[in-house]
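See structure below.
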Amino acid sequence: MIYNIPFIVVVLLIIVGLATVVFKRNLIKIVIGITIIESGVNLFLITLGYRENSVAPIYTFAPSTKMVLPVPQALTLTSIVIGVAVMALMLSFAIRIYQHYGTLDSRKIRRLRE
Amino acid sequence: MSEMSKIVRTISNSLFPFIMIYGLYVIMHGHLTPGGGFQGGAVVASGCALILVAYSSGWVFKKVKESNLSILESIGAIGFISLAFLGIGVTFFYNFIAGNGLLFGEIPPVGPNSGNLNTAGLLPLMNLSVGLKVIAGLFAIVAVMAFVASRRMRKK
Amino acid sequence: MLHTPSGYWDPLLWILALIVAILIAYIIRGFGRKDYKGGEQSKPFLSGMDIPDEKELHIRAGNIYWGFMEGLEGYYDIMKKIHTGVVNDYVAWFLGVSALLFIVILIVGVT
Amino acid sequence: MNMNWLLTHSPALLIAIPLLAAFLTPLIDRLSKRARNVLVLIVLITVEVVMIVLAWDVFTGNTHIYTMGASNPTATIPVQAAIPIRIVLEVDGLSAFMGLISATVSLAAGLYSLAFVRRETGQGRYYTLLLLMLVGMLGMEFTGDLFNLFVFLEILSIASAALIAYRFYRGDAVEGAFKYFVISSLGALMVLFAIGLLYGQYDLLNMAALAKVMKYTMLDKIALVLFIAAFAMKCGAIPMHMWVPDSYTVAPASITAMLVVASQVSLYALFRICFSLYGLTLDVTTVGIIIISLGLLSMFVGVTMALPQKDIKRLMSYHAISQTGYMLLGVGVGLYLIGKPEFSTYGMAAMEGGIFHIFNHALYKGLLFLTAGAIFYKVKTRNLNEMRGLAHSMKFTAIFFMIGAFAIAGIPPFNGFASKLLIYESVYCVSPILSIIAMLVSIITLASFVKVFHSAFMGPPMRNTKEGEVPKSMLIGMVILTVGIILFGLFPGWVVDHIVHPAAQALADQAAYIQAVIGG
């Protein structure tokens, strides 16, 4: 049971993130929502690689027990790197939008519609 | 963003070298311990961000030009891909200097050991180039954003 | 030559047929009277109204297919309501479709 | 450097060369603008040539496998392990087909850009991102690894978002880019989550290896839903299409042509996952019906929304959605019929039609967007109400537009007709209503392009625009696509037999896909 808690947290994080993206009207908060979803997905990947009673996958002085899977950690790392790029680009868009529209309210930022 | 007080500046001055050393350590030991180019680069870039916060972004841009940072970033990326290209005699990304006894070329010992820095062939070199790219890239992002924000504040 | 399930399609043959058809049309046109031109019938006709200066006559894009849009007014009203241009709604549509697919694939589509 | 060496390494080279050039561009940009343009052109031409060589070899029946970093490109499974661990590139018929599309349109867009963005700032970055988009597309097409697919998807969407906002001094450009980026990064995260679900069950990331052990459990179904939703959104299927007109409208025209291909690449990923990853374990009837209904909805709503548009690029973007519907319909019918006796006749023809339509659409919609860009270059507006009589000064653009419009409306002898004919005839087998709707959509398509042609090119000339045609490099970009349209229109039989059929065969034959990597 205790090992299922991370999965519950994953689902909670993703739901919170989705709710933020759908219901918050501030562009910065939308970006934060995306980041929360990303954290949820990253936590999910990390949890997948976890094995009970095992050590970190480092060979330096490693005791001869089980190791957790290193592949999901590599995946998570890649995803974090991508996440940094995504967040930087989104925030710079938000800055630009604020310069042009004078607001961060997504209901007012709709010159493009229909 | 204007310059912060003398206390903040002094403390960041004394912290800065330690952050640098820690970040470079993480980059250099990427093939042995957790970490690597991106993580170490992020540490170094956050050290630079500390300086950015302590001394305004205007001060930083007097010392470093944004275009120079983007050149460093490109060089890092080119280094990474070129290293991958060097192995194309066999396959792309082939680790051709692992285990030949020269630079980073020792064969790692089997079993629990203290870790040998001089192993893993291309990986440390790739970590270095990724580290260069990440330092330059992240620092440029943070500095440019701070610069734009401070310019807007002054306008108001 | 492209073979389709119930026949074939050959553009070169089609072009040949087109050329033949144009030739035939040209020949039929040749039977017409040469002097049957000029006078009232060669002028444009606009429901009996006065014709504005022909050099400046151009129907704007917004007025083309006016009747079509008018006929499907209800449909277009709904469409306008859907396309709000608010980024939150885009995400909401995405989530809605995902939810629908969940229902269809997980519950309806039992194998 | 002989031919064999080039063929063996071409899958990696095709991704690596543009990637290297992408990061060289900003450096060379500081030395000389001309040298930068030459470098970009050389790279784009090289990619096109290598792609044609590789595709030719693939279409004759050799699936190319390339294992990154292994001691031998075909050593997919390392000696110490039983499963593929390294990143594997797998180029089969469909990958090569899509790669050909990406390379061709990128070449045309690159040539067109030389003059089109001449007056803008930050061109060094423009070309960097353009090459990165090409890298992302080729990577998504070639990769045989699910996580790698995600990485290239993100590279593609980051590069596209940055390019959509290229004219950042206009507020709407940044707005369109933000909307695109929010929804596409959300989609990409869903893809990553689905990859995690599959990895958690099977401890595998390689698509062929996964396909071999796929059991279609509950978690697989959830992953499938997330994949379908995310990739259908990325290819602009209604009702998740709202970002398409927003972002296509504000991007520079050359980038819009690339974005069309980027959407098709997402479509490729959707098909790849349905056919090659899940294959026959899938509940083909349900998923087939889902894809068919997404296609029908996209076709109909897309075209009816296009009709009243006043913005020329917005109108064309709605047509892009509607044409995507044809592909979804064609391949969806193929998926619906797979495993049934009708598959060998009607199902295969439907898939050939859908896949052929991808190439045709990339060509003519790319051409149409490039002509729209030429109009924008000349009159500085996208509003159809404010333009008229452009055919007086832009004769070549008018002709190119007409060819593109005929092709998209499916008028013989242009290429759109051939693929639409295949779709009409084969989807008739599932239900005649599908064919009727498809034809109706074609008619409305023609109607709306008549509107564009009338309001932009006909009528008395505009008073305050400069005389003359657009610069030569833009015309050359358009000529490349026009030649493609005419050739594909005149020789559809040859194209279908030698290019489209291997691609459809690669999609339908899951066993061959698995065998190429795993063996046995």
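For reference, chains read A, B, C and D in written order, and residue numbers begin at 1 within each chain.
As a working rule, a residue touches a chain if its C-beta (ideal position, glycine included) is under 8 Å from a C-beta of that chain, and two chains touch if they have at least 3 such contacts.
On a predicted model such as this, the values are computed, not experimentally measured, just so you know.
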Between A-D and A-B, the pair joined by more C-beta contacts: A-D
Whole-Å gap separating chain A and chain B, where each centre is the average of the chain's CA atoms: 23
Chain centre separation in whole Å, for chain D relative to chain A (CA means): 28
For chain A paired with chain C, centre-to-centre distance based on mean C-alpha positions, whole Å: 45
CA centroid of chain B to CA centroid of chain D, Å: 36
Numbers and ranges of chain C residues touching at least 2 other chains: 79, 83, 85, 87, 91
For chain A, residues contacting two or more additional chains: 21, 27, 30, 109-114
Chain-level touch network, classified as line, ring, star, complete or other: other
Chain B partner contacts - residues on chain A that touch it in the complex: 56, 58-64, 77, 80-81, 84, 88, 91-92, 95, 99
In the complex with chain C, residue positions of chain A that touch it: 18, 21-25, 27, 30, 106-107, 109-114
List of chain C residues in touch with chain A within their complex: 79-80, 83-88, 91-92, 95
Chain B - residues contacting chain D, complex: 67, 70-71, 74-75, 77-78, 81-82, 84-85, 87-88, 90-95
Of all residues in chain B, those that touch chain A in their complex: 32-34, 38-39, 42, 108, 112-115, 138, 141, 144-145, 148-149, 152
